[in-house]
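Shared chain: chain A. Partners: chain B in the first complex, chain C in the second.
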Partner chain A sequence: MDCVVTGGNVKVLAKAIHSLSRIGDELYVEPQDDGLALRSVNSSRSAYACFLFAPLFFSRYTIPSTHTFLCKMAIKSVQAVFRSLASLEKTVEKCHIKTDEQKNRLTFTLHCKHGLLKTHNLSYQDSESLQAVFDKDSCANVFRAQPRLLVDTVMHFPPSLEEVTVSVSSERMWIRNHVDEEADQSKAMLTELCLASDEFDHFVVQAHNSVTFCLKELRGLLLFAESTGLPVSMHFDAPGSPVVLSVTDSVLEGNFVLATLSDDPNHRGAITPPPPPPDDFMNDDIDSYLIAMDTSIAPEPSATGPPTPQLANSTCTKQPAAANHRRRLHSEEEEEEEDETADSDKPPNKKFCSLFFGSVLPSTSQMSTQPITSQEVLASDSEDDT
Partner chain B sequence: MGRILLRGGPNKLPPPDKTKERKHRMKFRAKIIDFACLSHFSRVITTISKLTKTCVLRLTPDNLFFVLCGKVANGGVSMWCELSQANFFDEYQMEGVSSEDNEICLEVTPDNLSRALKTVQNAKSVKVKLTKKHCPCLTIAAELPTLSSISRVVTHDVPVDVIPRRLWHEFKEPSMPDFDVSIYLPPLKTMKNVVDRMKNLSNFLVIEANLNGEMNLKIETDLVSVSTHFKDLGNPPWGDDASQLGRPSQSRDPEDMAEARVDIRKLQQFLMGQQVNPSKAMCNIIHQTVIHLILLHEDMSLQYFIPAVA
Partner chain C sequence: MPLSTQSQADDEQYVLVASLDNARNLSNILKAITFKDHAIFSATPNGLKVTVEESKCLQANAFIQAEIFQEYTIQEDLVGFQVNLTVLLDCLNIFGGSTVPGVSTALRMCYKGYGYPLTLFLEEGGVVTVCKINTQEPEEPIDFEFCSTNVTNKVILQSESLKEAFSELDMTSEVLQITMSPNQPYFRLSTFGNSGNAHYDYPKDSDMMELFKCNTTQTNRYKMSLLKPSTKALALSCKVSVRTDSRGILSLQYMVRNDDGQICFVEYYCCPDQEGEEE
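Entry: the complex of A and B
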């Protein structure tokens, strides 16, 4: 492989590598006829990302005509080549990428201003091809939005947050943080954001579903989308099947495939429609926000209990059955109560489907023209076998 | 509406005197529209979040108080921050536990509130209300500007603990200590720069001041002694009406220093976190007992007590 990237495209390439680094530790490089594919997958195989740069993206693009070339390398070392995006933009005029198959080396040469050359020789390993099995065109729900909208959305969630749940109706999308059922719900801050369909460029909902996926990879894609200004598309179906986030341009395409939590079909998130729209923002009825409390006044100095009173607990819903039973008298409580208890009785069902990848492993005798056999990857460490 | 909750499981607490036990409801809802008020409120909360992980929020018809009691677990520091609601909120409705105790007392995590408020800085309006979700929450709901005809609404439910009436007495305003010396502080940035550097050398700092407007910050270790001198700082005129009658400072030699040795991290925390640009900052020292830092702003005041260590 021998290709040259010039001008602003160097930064685009760099951003793509940075956003792939949010996915996994290794970069899979595969020069194809239709362009250079850069891929990454996370260790649990629940997230996969691929950028395909069309030949037109490059000012020179030649690939070996005789055989398929495939390699992988530590993404950190490639990131190091493009470490400072700011100086990259100012100083680098072109980037030359060349393979040396005798020495198993991939060479990045940065041609900077004033004739300065920076050469990075990175050694690589041969690898199997990495391919996720997904079909975004068959997804029931399709959205497209400017990156700004999504950036403004995810900024409401703390950086430490792992997963978000996206629910859709025909006119709205709700995004809220997913709290592990094992985690202490009473301590977690819950954030929910509601977006109207007309904030999107494209909004088609055929299935009113909720899916839960990792936020980290979405942030990774947004890093790329924001700097290139490309709109982000989102495709998803039902809980358990992957959500596909993509960016497309005439010379490049990026797809991020993220596993979603497979929900128990009885689980609330899967069957109940999204929460009622908070339309009442301006005129909510204060009476519905009451918190009952006991106000017994004990003799002052003797009260030495910790300031986390049982009182607060009694407004929470995790109660012994007896307490629940007594509260059944109050119809309004009851509904909420049952909802919550039903929920907590369920075994934890947090399980990302990590089996959605097929791995394509061309044997040495096969040429690229031959059909390739696809196999399911079942174990997370299969990439180490080659 | 039958929203009265019965007490939970059987062996929770010694059963309270049934005749005294009353059930009440509380309401709280407030709204900020003004951008400057919102960012000011957010800065105050952020300042508090830098001082403590959890604190108590007392809501009264006129004020909000953030209170931290001096417990051993938090190094003995205590805090009292007072905001006048009218200066922050465009709407403010509250109903306390009863007409004679018209207050609401909550244990909150200021960091959560701060994070929630930071993300809604450019909101058209922000509401803060007490809600019953999966647990009692302070819900921060913001209406964000969009190009769409429908507003973008974000809600943050910050879990809180409701503090029962019988524990309220722990969260009273601290009385003004009978200090030996009261002095205005130099610009807090300057002070922070000094303390930051001293922190690299020692864990403890001696702060001393006199009634002649002089203050020294000192560290002493086996290897090095450093002191920074400030002069002409001025001493606040705590008049006769300040009920400081008979305090020692009235007959005190102006040159005589009162000093306290404090945990330098606590002082640094105070200087680092503060984002409110106070119109006045002062420090009261009770010789070898406590320092009492006060930040005054037109619509808020923050008091912070750091105990002296031997």
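Entry: the complex of A and C
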């Protein structure tokens, strides 16, 4: 890969990386024919974000024609390249991104004012493709707003707040802080904001639902949207199915897919719940809370890891997630889970998930006796065997 | 002015008397070298030199010329003492170190001689505070024998461009490598951190480069932890001169402009990291 970003686009790229850093610790870089994809997923796999920069975003964009290149690297080290966003705009004239596959290095060269040249050689790891399975076009509720509206709304919530609940009617949207059901309701402070439909650029509600999702990632996206001035779209269906936040421009697209808290299964709309996962909580049913992640091994000639069953049965599926498709993924996931047990780098999914979905999970003492039916499996995932 | 009402008779007992209308002109420059508590003060008729050292590898000197002071009298050719720098700075900021224009703390610093405390008279808004700081036996500062005839490479840069680089340096790197060369990359700062390496290259014809005099290619590594205190001086300065001698000892000279537009100098000497070299 060899690409050049100039002028104001350098800042856009930097902002995208900063906003991805709100999601996860690793940045997945994948130069594709349709542009450079930068992705990140959080450790509990409940949030995923992807920016796709079209070839036109770059003043030069060349990708390896012979093979697919995919890598992941610590997002902190990439952030360090674009450390001071303030000076970036004033000083950086050009950013050159180049891969050195012999040395497993991604080189960022910033050409700054006064001839100053900043070169960062960052080491990367080979990785599999990271792709969330989501279909925002099939969502019943679709909104689009100027970033200012959402920034002003989110501003009222304390930084410590983890989740917000968004409820909609045909005329209005309510956003309030989510209070854990286990928390003492009498002591909790509730903050609720109501936005009228005319404050939005686009407001379509087909299902009067409430969804609860993490605020941190929304804030991350707003960081990007505000600096680029791009309107933010929001797509969601029912509780338990992901909310998709996106920004789109002629040369870039950003999608943030966030898991939402699952509700009572009776309230489910069109989505068919998968069969209840096995009772054993410690096994892998916690993964059923995970957001849709579809991974596939890139056809790399120099794949370092030993071949695993994923190669055979985990094919890339980017089509809308259908219920049966999810079931299939779920079974794969169990196999993959076993493969991963030796992987010490695996993030501590279970703990975080149980926190994140604390309000829908039975207390741990009941955990092993109650089958959990309200969760749906959207994803399978596997880490690189490195 | 309560400070000027001191009787002349009193003054005669002091071997050193130095007054400043604005104590910040002294405290600011002392901050640039504050990384250890003990500071060696050497006063000569030319002015005051304050030295702070670390691990016999790093030395910082602040020079405040006699002209900076509104009054500067010295009875001997050399007056030396050692005080706790942190305490001295606390005293100089005893009125809160206000940065409001027009409000300043006046200072009169007196020293009677060996065994006596350093006495500070500080006045702001008609209130006078007298601070006495016990002095210690002055140590002999290390002589790095850095002499301009042995300088192999020298560049003078506008501090602005180095500030940016230093603020972004990868602090996970143990060393900062400085390359100076008559050929490319001319002047390069490199770090080797957890996530990879980074280089900052300054071309010799950059607007930021005031002087470029490199005779031989020299690459030396300096401990990041030793260089870190120098960023305080960098932050205050407007220009910096980077020199290395034939032994690889680094000299960083910072030109600092004070509130009144006068110029003072701060100098850092740092020994190269010997690891990885033949010796």
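Note that the second predicted complex is superposed on the first by the 265 of 386 C-alpha atoms of A that agree within 3 Å, B and C clash if a C-alpha of one lies under 4 Å from a C-alpha of the other, contacts with A are read in each partner's own complex, and residues count from 1 in each chain.
Basically, contacts are C-beta pairs under 8 Å (C-beta built on N, C-alpha and C of every residue); 3 or more make two chains touch, one makes a residue touch a chain.
In this text the structure is predicted, and so the values were computed from the model without any measurement.
Chemist: After the superposition on A, what does A:K118 contact: first (chain B), second (chain C), both or neither?
Modeler: second
Chemist: Could you look at A:A54 and tell me whether it touches chain B, chain C, both or neither (first, second, both, neither)?
Modeler: A:A54 sits against neither chain B nor chain C.
Chemist: Given the touch rule stated above, what does A:V151 touch, chain B (first), chain C (second), both, or neither?
Modeler: A:V151: touches no partner chain.
Chemist: So in the superposed three-chain picture, is A:V251 touching just chain B, just chain C, both, or none of them (first/second/both/neither)?
Modeler: neither
Chemist: Please determine whether it is chain B or chain C that touches the greater number of chain A residues.
Modeler: For chain A, the partner with the higher number of touched residues is B.
Chemist: So in the superposed three-chain picture, is A:A196 touching just chain B, just chain C, both, or none of them (first/second/both/neither)?
Modeler: In the superposition, A:A196 touches chain B alone.
Chemist: Which of the two partners, first being chain B and second being chain C, lies in contact with A:V133: first, second, both, or neither?
Modeler: Neither partner.
Chemist: State whether A:L85 touches chain B only (first), chain C only (second), both chains, or neither.
Modeler: A:L85 contacts neither chain B nor chain C.
Chemist: Give every residue of chain A touching chain C within the complex, in rising order.
Modeler: 73-74, 76-77, 80, 83-84, 87, 91, 105, 114-123
Chemist: Provide the residue numbers of chain B that touch chain A in the complex, in ascending order.
Modeler: Residues 1-10, 12-13, 16-17, 20-27, 29, 56, 93, 97-98, 101, 107, 109, 112, 115-116, 119-120, 127, 129-137, 139, 141, 143-144, 146-159, 161-167, 169-170.
Chemist: Which residues, counting only chain A, touch chain B once they are in their complex?
Modeler: Residues 152, 155-156, 158, 185-196, 198-199, 278, 281-282, 286-287, 289-298, 300, 303, 305, 307-317, 319-320, 322-323, 326-327, 329-333, 340 of chain A touch chain B in their complex.
Chemist: Inside the complex, what are the residues of chain C that reach chain A?
Modeler: Within the complex, chain C contacts chain A at residues 161, 164-165, 167-168, 170, 193-203, 205-208.
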